[in-house]
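Got some structures for you, see below.
Look for chain A in each of the two complexes below; its partner is chain B in the first and chain C in the second.
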Partner chain A sequence: MLATLLRPPPVIARMVFFAVLFGVWEVASWLGLFSRFIAPPPSEVIPSIGLLYSDNELITRFLRTFGEVFAAAGIGSGFGIVIGWWLHHNKTAGRAYTDWFAAIAAAPLVLLFPLFLVLFGRNASTIIAMGAVAVLPAVILKTKEGLDHVPTVFIHVGRTFGLTRWQQMRLIMLPASLPTIFTGLRLGLVFALINVVGVEYLIGFGGMGLMIAELGDRFEVAGMYAAILFVVLCSACFFWATARLEKWLLSTR
Partner chain B sequence: MTQTLPPTLISRVMLYRVTAALVLLGLWEAAGASGLFFKGVLPSTLLIGKSFLRLMGDTLFWSHFNVTLFEILSGFAIGSTLGIIAGLALGMNRYAGHVLEPVVEYLAATPKVVFLPILLILFGIGVGSKISLAALSCFFPMSLSLAAGVRGIKPMFLRVGQTLNLTLLQRIRMIYLPALVPPISTGLRLGFGIATVGSLLSEIKLSNKGLGHAAMQAYARFDIPTMMAILIVIFALAGIGNMLIGRIVRLPGPHTRHNAN
Partner chain C sequence: MHKSSVLAASLSAFLSGTAYAETLKVALPQKGNWDTGIVEYGVKAGIFKAAGLEIDISYTAGGAATVQAVISGSVDVAMQTGLLGLIGAYAKGAPVRVISAAMTGSPDIYWYARADKGIKSLKDATDKTMGYSAAGSSSHLLVLSLLEQNKIKAKPTATGGIPSTYTQVMSGQIDIGWAVPPFGVEDTKAGKINIVARGNDLPEIRDTTVRVNFANADSLKTKRALFVKFSEAYVKSLEWAYANDKAIDYFAESAEVPRAIALESRNGFYPKEAMQPYDVRGLKVSLQQAVDFKFIPKPMDEKEIAGLFDILVPKK
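Moving on to the complex of A and B:
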């Protein structure tokens, strides 16, 4: 009994952790340990999420940001899957360029945004392009990895049945490599969200990133905290949903 | 990898790489000269090279460079130290790991730059907010990599430590740290890249010094060759830092002797 109380299930313990964290923050703020202009208490921040909905077009901004994320993911994934397939299909190209894409994946690509700003201007194209750039290396590398690791026995079975190259791709290669490709897509989606919100904030255009920038510029501190909290919650839910989808896909393999 | 390949394949790979580099260069030059973009938006590589050489002799550029380097290294040192401590705590205590690691994982997937307004209020527009964003960015990959590494240590090693009645510090020094070189290396390399992004993005947003500020100044003047040259320096800085960390962590030391035994 005591052990259960001391070590509750992780979900309960996590809730208790956040309750204690917010409680300490609230009490410290009311005691005046830090200025309410620097860190307003949760009792002011959480109701501000409602104000974001009524005063700051929260839903429109949310949809705009996720529209940009999915547009970026669509463009990045489309090119990424084709390039990944080509790197798998053409072995010399695979050997020549896979290391390059691995290096690009490790590079701080978001810092290229001034270049995209010059090319496309301060609009949604820059944001979507920056998101797509973040998606591309992850999808290329994972598509190639997935196709490279299709068991040779599957490929031999396809040849025995006299499948054409297209049938081989559609019926064997793609289904067998789908879980790995999906891992790339999931990573790409998360990178796209990070880049899209980041660039929105930096260039002051778009959805949720712009909302944080505007509230910060107007020094509406409680609203700004609420907007940051909302973005963190959205990112966490998005990460969780894509992870669940990936797990489900792997279980159906 | 290429050592095991036949010479004809190596030369074909090289040919592909040289061709791709030349095609990309040609495309850049052609796009710049095509008139599809505003004049000067895609400057010739010659102009970028000239700007690069000019920057190398410019004392103001080096003062910006030093500020950025200081911010990145300070943020990296703070973030990776805190990340190592948190990673060890989450990895060594299974229950704490079950409770808090998902929280760290979810926070790691959020765009850290959105925390910049809070850091600006807390630390001002000087280097403090840049260092803190770099540290915050670096903390997550380091702690997650280390927590996973701690959980991957063979239980036999830990039982030997218990049998020998090692203290916590002795266990960290003699069992955990030698076994954790690969995850520390991964965490440090990821952390350095992300700390670079954090510090530069915050310079770009609001600053009066640093390479991010210098790049945005060049953008505001529409001096695109200089902006491109600064971006090249930034990418080189991130790449060299990543390579150096990889080399340093792989240097012969107690951990390699331990692994050899």
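Moving on to the complex of A and C:
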């Protein structure tokens, strides 16, 4: 019994963490350690999620943002896997450009939004394009890494069976590198979400990012935190869902 | 004189000097505009120092960020802040108090089109896209009112800040953009753009206070004399800025534009009367706008909002 209490299952540990975090936040707020106009207590923030639904078209904005996120992640991942494969396949290109993509991954690409505004206009295309660019480096680097680390013995076995290059890729290279590629896809999805919401906020267009900006402008502080909390929860759900999808795909290899 | 007496006298002079110059942290929402620069000009002209005030200026992004900076005590006073946002904050119980009016009417904001587009007035704007900064902003509100008043069916479009709006207009992504001087004044003179409409084209807006200066209600209780001193110095700075050409030099320097453009911006877009600090006017219109744009959840009357105002500037 004591051992269970000291070593609780991960789900319980997470719930305890959030309960303690929200409890401390609530008490600190009511004790006046910080102004509720700057950081309202959870008892004000959580009910505001309901108000977002009724007053601020939460579902429409959610669908809009996550539509943009999936479009960005899809485009970025498609190009990323192809470029990652090319960098693996063409050794000269791999040596020449891999470091560049690593550098791009570390750059604050969101600052390029004025350029994208000129190129695409103030519409969803700018948001999707910026999200896709943010996805690219993670997917490229992880795809290349996954393909580079396929054990040579697998490739030799494939050759022994007389597999064509396409069969080699489909039956050996891709399944063997799938866990690493999936890590890139999951990172890419997170970068897409961060950039899409960030760009929506910056250019005042779109779904959840715009909603956060509007609530802030109207001084709906609890609502603003509720919207941020909602985005964080959605992000956690997507991360969990992709982990389950990865597990399922790997089990079917 | 005895050595110790000299030391005591020096120490006393030093301490009294330090106590005399009290520091006040002031937030300005935008660098390089005439209206937001008044405090800067007053500091440069030595008006605040003469009043025994040391002014520590910081620039904010405006809007809710400025309100939060004042509530948290990061700054003591914020200048030229939208009244609607403050009505919203006050209605939610935020400890904010308006200490003076800052801009009555909207003589500064204007809408323009590329000269080669052939759009010379709002009459030519039917079916055209017309920019505003963001939903619920003062430019949004003005666009809707301008179109309604002139019975024009243009397409209001959110275009973001002034530079990004300019890029969208010049690249043809939208037809009509918005700006505030000195931005665009040079292009207007060069014939690259046409001014299509101005904020003050709306009669009901012309006499409505749209921006104010405000402080934290709790600080106002404990340091009231300091805020009164600041407000008096602000009024003196305002008077000085309109009477002294040196202010144009400061404006040109701050906005990084030629002096002639700074002068034209001030004279053409910032009439002194619009910057009167004494009365917050047209509150009924502002309260209606606050409901329309969801700054407050239900209508409020002037009595309910009266506590927001604690005007400190001496009556004219």
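Rule of thumb we're sticking to: the second predicted complex is superposed on the first by the 197 of 253 C-alpha atoms of A that agree within 3 Å, B and C clash if a C-alpha of one lies under 4 Å from a C-alpha of the other, contacts with A are read in each partner's own complex, and residues count from 1 in each chain.
To be clear about the criterion, a contact is a pair of C-beta atoms (placed from the backbone, for glycine too) under 8 Å apart; a residue touches a chain by one contact, two chains touch by 3 or more.
Note that this is a predicted model, so its numbers are computed, not measured.
J.: Let me test your reading of the model: by the given contact rule, A:L117 touches which partner, first (chain B), second (chain C), both or neither?
T.: In the superposed model, A:L117 contacts both chain B and chain C.
J.: First (chain B), second (chain C), both or neither: which does A:E26 touch?
T.: In the superposition, A:E26 touches no partner, neither chain B nor chain C.
J.: Counting residues of chain A touched by each partner, does chain B or chain C come out ahead?
T.: B
J.: Please indicate which partner A:F205 is in contact with in the superposed arrangement: first for chain B, second for chain C, both, or neither.
T.: second
J.: With the two complexes superposed on chain A, say which partner A:W240 touches: chain B (first), chain C (second), both, or neither.
T.: The answer is first: A:W240 touches chain B but not chain C.
J.: Does the superposition put A:E57 against chain B (first), chain C (second), both, or neither?
T.: After superposition on chain A, A:E57 lies in contact with neither partner.
J.: Can A:I228 be said to touch chain B (first), chain C (second), both, or neither?
T.: So A:I228 only meets chain B here.
J.: With the two structures laid over each other on chain A, which partner does A:I38 touch: chain B (first), chain C (second), both, or neither?
T.: A:I38 sits against chain B and chain C alike.
J.: When the two structures are overlaid on chain A, which partner does A:G216 contact: first (chain B), second (chain C), both, or neither?
T.: Touch status of A:G216: both partners.
J.: Could you pull out which residues of chain A sit against chain B in one structure and against chain C in the other?
T.: Residues 37-38, 114, 117-118, 213, 216, 221, which sit in both footprints.
J.: Quick one: in the complex, what on chain B touches chain A?
T.: For chain B paired with chain A, touching residues are 1-2, 5, 9, 12-14, 16-17, 20, 37, 41-42, 95, 98-100, 102-103, 105-107, 109-111, 113-118, 120-122, 189, 193-194, 196-197, 200-201, 204-205, 212, 215-216, 219, 224, 227-228, 231, 234-235, 238-239, 242.
J.: Which bits of chain A are touching chain C when the two form their complex?
T.: 35, 37-38, 55, 114, 117-118, 121-122, 203-205, 210, 213-214, 216-221
J.: Contact residues on chain A for chain B in the complex?
T.: Spelled out, the residues of chain A in touch with chain B are 7, 10, 13-14, 17, 37-39, 92-93, 95-97, 100, 103, 106-108, 110-112, 114-115, 117-119, 190, 193-195, 197-198, 201-202, 209, 212-213, 215-216, 221, 224-225, 228, 231-232, 235-236, 238-240.
J.: For chain C, which residues are in contact with chain A within the complex?
T.: Its residues touching chain A are 63-65, 67-68, 71-72, 85, 88-89, 92-95, 133-137, 157-160, 163-164, 167-168, 171, 173-174, 293-295.
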